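Read through the structures below before going on.
First subunit A sits with subunit B, and in the next complex the same chain sits with subunit C.
So, the complex of A and B:
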């Protein structure tokens, strides 16, 4: 009996060989190709912007499906909010510097006490259904969003609105229950036609109007010809829902999409050269949020020890090639007026000091802790992996528990049933108050159970003052208290890359999580 | 007719490959070139070369060290999962196959029902109930492997129980337990061992796919081949050595076990056929 390989064996051996050679040649090819590109000076990342062209259909990748109703007054997900930014406008609208400029209103006045806002409506602002915006529409919209009739405010913080009335055809006065100059940020609440329900038909005044939406597939908006302001360049924008980051990259490479936002530096590196890359920050406070009510984080020494053990710059170096903005407290730098840069180095990296503090707190050998992270946020998981490695140095063993987003919302954020979590928190409206109110002892959003008498006191003072300079000082003090008490393990505001095809330009970063499609254009 | 004793190349090759991998894994328990979890910002995504023989990943961790540790973690999961599956499967399959009856029907239909579901789906449900982590993964995979072992063992028992040696033993009044474990079990060892080797394959693949889906080993727990594949996904184009190293390790592990399983099966068949042939030859003579 001789060994005679069967036909099947021969074929499978041949196939294996073919696959192996294909694999090997594929990787050798990619490495030779990327080499000249890495050093080649001819393709720089800032492709010549060129002249803006009017028209064109833009395709944008959206990382998660829009599953909220398209109601601008009641959106929870950041992705929906950033999409609706292009369809709806409020009385005022934020610009890229974070200032509020008139949109539906052409001008506004704030009374001495900061409790009456008077808006003069702009002439000839039209809804997407062709009707002109009237004071009645504004009254309807504000009444709806503030829940003046239902008693249920739809937007966070809008409950300060006490009443709204049209003093004449072109003027609307909004009265607040207490003076609050920051309330201007709330006036970005969308203006919708009287009697309309945006969940059924999203009609706004923005530069784009809603066309269609296919679940799990795409959302299409098109340019609104009768827009009162600077019209959009492109004719339409299609948001394709592409959840996998790798598919987003592939789509960019193949040219199937024109723009992908919120990429990491590793992904940008993978794309190589030849794309139009814009760098900004994500406008959120990424931190290991510690449940201040549970062992061992109820001891301030333990929290401080963790702060000293953390090498923030080291995290950035490993995570994003050093890009991103370090933070030391719960306000991100887009709030230029309030941001306390000096707090970044409040806890310099000092392992010895950390060990000493741990020993004082009664944990000389360290302890085990669990960080819960929503499993769909790769940057947070990566950050946690690095943090875990750093905390090992002081004997703290971190295990990472990946949970799905809904469990995170109900268990961690809602139920406060967690030890630590690593996420990025942002502000739903452009006010520092939104960032800081969640650490007031009795605030419903105080999921970390932070409690500090002085903090509550200062916060109350800050929210009632009408003096802007004093408010800045008080908000500064609040950030300082958070740092002193080591409420959380503050890390960074993540860097954010937007990658466009070389013939697309015009992307601008806002201090909010939005993409302004009206400014994006194709180049010649 | 000249009968030449054929060398069982499959079994030998399989044993050599598995032996080598197990040796490397054992070394990895005590020594790795670098700390598998040690990050290095100055060597992010470094290409294979010196000092990182298989390159580094996006945190600057040494791929070779992580492969050594990760293959160990994967093999550990596979080993214990197969132990649970084989032990419980043999027990259930042996008893039902030997005694038959209504319980046999019931358990076999139950295992039909279990096998009808895609195993990844089942594992997904199980993991969402018990949680992530390698110990939990062992438990989940082990339980999921029981039906396949039970099926194989039951089939063999049904076949064996009508053989003369079993009938004789019964007539002589040997107790059932003794017949099952002392008489029949050794006779099905070739089949059992070969399905254990296949079980190893399935377990390695299951660990890899579960961890790849983010349902297996937790990221900071330890490296595992599945975790490494998942982490390599984002730099598939820019740093292909990560995915290739993990992928090849999985392939080599599986190749070893597959060859062993082939070899064992071949051995069993050869010994049986050659005996029959000898007997035929004797009759003809």
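So, the complex of A and C:
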């Protein structure tokens, strides 16, 4: 009696095994698919012949929930920042080329020494509550964001603002503690009604006004009829929170969602034909950031050896069918004026040279290292897997340690308690300074503990000069030093795909992490 | 009476211990609410100021009892991330997850009982063997995988529902339940398979008992013996297992909510853990724990009705 089921059990166990293997192989096949013939979206399909229509309700998928206060002055989550871009505006506003144009201000003047910015307010700019923007609103907003009364600046870098005053009803003068031509980027700080608290009631001057937010469900914004500039095409935008990438893809297929941003080339290939696909870059510096203060990365030979051992193009080929932009230092190409393209090939792929450098540094047999990565960033984890494979060639054994985002912020970024980490760093404001200041020896954000006397000297010079041409040259030199010293293992600026339904068009890439919903339209 | 009081005491004690464990876990993992709100670029001074403001600098014991005092008086706390009271945050979501879990549980019973009975009736036949093999396959499928397959087949090919387009109950009750059918089924299928296996096994083993032989000797048909004598006796281990199944269903809904983009408490729990939103995590954990314990107690109570010989002490 007891022996009969055993036969059956063996059969069922075998069947289960067979099925599991089939399942597993099916899973791994889809995730590592890199057949260049089958994948790779056709970029030319982005040319959409349809005419723009006014109206319509756009549904956009967001990969993470908007779970922080909607305060544009104190927003730290990139996803919230990109959403608020549509609701709030500053005195100036960046365009797709990275230039700053007047928004709430119609024109501005910068004094000779670069320390006084005078803004002329645009006529008839209205807040979403119907009130007209006055100089008092601007003074309130700048005072709030710069923390002039509280002593606590809300935005990183805004502490350079010393005072703000309304010289007449339509003119506001902002004085800086020292001349800084790059400070114009800070004047994108949102203008809000005097006395208002955007965390309670987000009122701005942008092309869309805030309607509602349901946690873990959606955020809704609608077209602002009294917008001063070019009005938005669509009537409303609903941001649906869809965390799972698989669900995002299926929501596109089912038509539940009109637009999904930040997809990978493998995901675009999965979608197949029939969608409007545009390709851009993520605007960040993806690198293996090395803790320059710990063994063995305190030796420049070791860092250089890793750079020579890395085959960046090989990473891109495997990761994204060769798409993406290679980098050689800490500035990404959207900073057109500052980007040093020549540094990309500073360390050509050369395994022999890498081995030789390792031997000189006293590690002829290689060593073990750990790369810590926030677990919610799949592209970075995939990249690290490829990098680990490449570094094996010179005897460096990489183990990948996945940690949650908050732990990464506390332990790695804040606590500097790590050996190496693979992430992408971006700039919250459009200044090259934002990308480069962190490598100054005493900077609080210098989490890799980089220290170079010449770097500090040049950085000081770059931040005090008021001559733009000289500033470009000095920022160029800083990038060069980072490459020479092999501060980090620079990889790439990741490619970024935005997929829309065939009747949706108008998406434009900015050099910042934003989605400008006012330019998106349904086609006839 | 004493029995009920004893159970209630154990119930409260268990909740208390769980809340302490959750609190301790939050003390051990790196990062806190302040780092989540201010992000990676925050200066140490601003972090410190916010911690002071949020009361995170008080000793852990004080903070725990502050939370406990609020909780027992009905104040569930405040979610900083969403800038609203936890009770308000949970209000809409709890119902959705409850509907999903209940639907799934009903499906488990509706699927597993008839199938289990059928298999016991025809035990060791070819029909039984083939079905038990299929059963074994279904048992090993993870719910999220079934969920993805369902979305492709029923959502994209047969267009029975629109993947990614959840419909709130107050908007259209019919489409709300329609949207929940497939996620509920994705959770229910592997669980049903387990119950089928257990139920069938339990019944088949009863056939060796003396009372069954007696029943047969009185001239009863196999069907009658099964329905009138065996089922009742075979039910006790199944009811115990169903209680565990409910716990699994709640856990399964956390994953399935992500696959089907359903705004329930499962997704909220996950995001609140990464956001270090302790008040939200504590409340959801307490709710789930309370349900689990309550269901287990109900299962214990039901034994008495299934088998009158069971006595409570």
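Everything below uses one rule, namely that the second predicted complex is superposed on the first by the 478 of 524 C-alpha atoms of A that agree within 3 Å, B and C clash if a C-alpha of one lies under 4 Å from a C-alpha of the other, contacts with A are read in each partner's own complex, and residues count from 1 in each chain.
Assume a residue touches a chain if its C-beta (ideal position, glycine included) is under 8 Å from a C-beta of that chain, and two chains touch if they have at least 3 such contacts.
Keep in mind that what you see is a predicted model, and the values were worked out from it rather than measured.
Peer 1: Subunit A residues in contact: does subunit B have more, or subunit C?
Peer 2: Of subunit B and subunit C, more residues of subunit A lie in contact with C.
Peer 1: Name the contact category of A:388: first (subunit B only), second (subunit C only), both, or neither.
Peer 2: First partner only.
Peer 1: Counting only touches as set out at the top, which of subunit B and subunit C does A:378 meet: first, second, both, neither?
Peer 2: first
Peer 1: Of the two partner chains, subunit B (first) and subunit C (second), which one does A:414 touch, if any: first, second, both, or neither?
Peer 2: The second partner, subunit C, only.
Peer 1: Could you say whether A:399 touches subunit B, subunit C, both of them, or neither, answering first, second, both or neither?
Peer 2: Only subunit B; A:399 stays clear of subunit C.
Peer 1: Now for A:300: first (subunit B), second (subunit C), both, or neither, which partner does it touch?
Peer 2: Neither partner.
Peer 1: Quick one: classify A:246 as touching subunit B (first), subunit C (second), both or neither.
Peer 2: Both partners, subunit B and subunit C.
Peer 1: Of the partners subunit B and subunit C, which touch A:266 in the superposed model: first, second, both, neither?
Peer 2: Touch partner of A:266: subunit B, not subunit C.
Peer 1: Identify the residues of subunit A that lie in both the subunit B contact region and the subunit C contact region.
Peer 2: On subunit A, the overlap between the subunit B and subunit C contacts is residues 23, 246.
Peer 1: Subunit A touches which residues of subunit C in the complex?
Peer 2: Listed in rising order, the residues of subunit C that touch subunit A are 29-32, 35-46, 49, 81-84, 89, 92-93, 124, 129, 132-133, 136-137, 140, 145, 148, 151-152, 155-156, 159, 162-166, 258-261, 263, 267-268, 271, 274-276.
Peer 1: Which residues, counting only subunit A, touch subunit B once they are in their complex?
Peer 2: Touch residues, subunit A against subunit B: 1, 3, 23, 26-27, 30-31, 34, 245-246, 266-267, 269-270, 272, 314, 317-318, 321, 375, 378, 381-382, 384-386, 388-389, 392, 398-402.
Peer 1: Help me check something: in the complex, which residues belonging to subunit A touch subunit C?
Peer 2: Residues of subunit A touching subunit C: 4, 8, 11-12, 15-16, 19-20, 23, 61, 65, 67-69, 74, 76-77, 152, 156, 199-200, 214-217, 240-244, 246-248, 250-251, 253-257, 376, 404-407, 409-411, 413-415, 428, 444-445.
Peer 1: In their shared complex, at which residues does subunit B touch subunit A?
Peer 2: Counting only subunit B, the residues touching subunit A are 3-4, 6, 9, 37-39, 41, 44-45, 47, 58-60, 131-132, 214, 218-221, 233-238, 240-241, 244.
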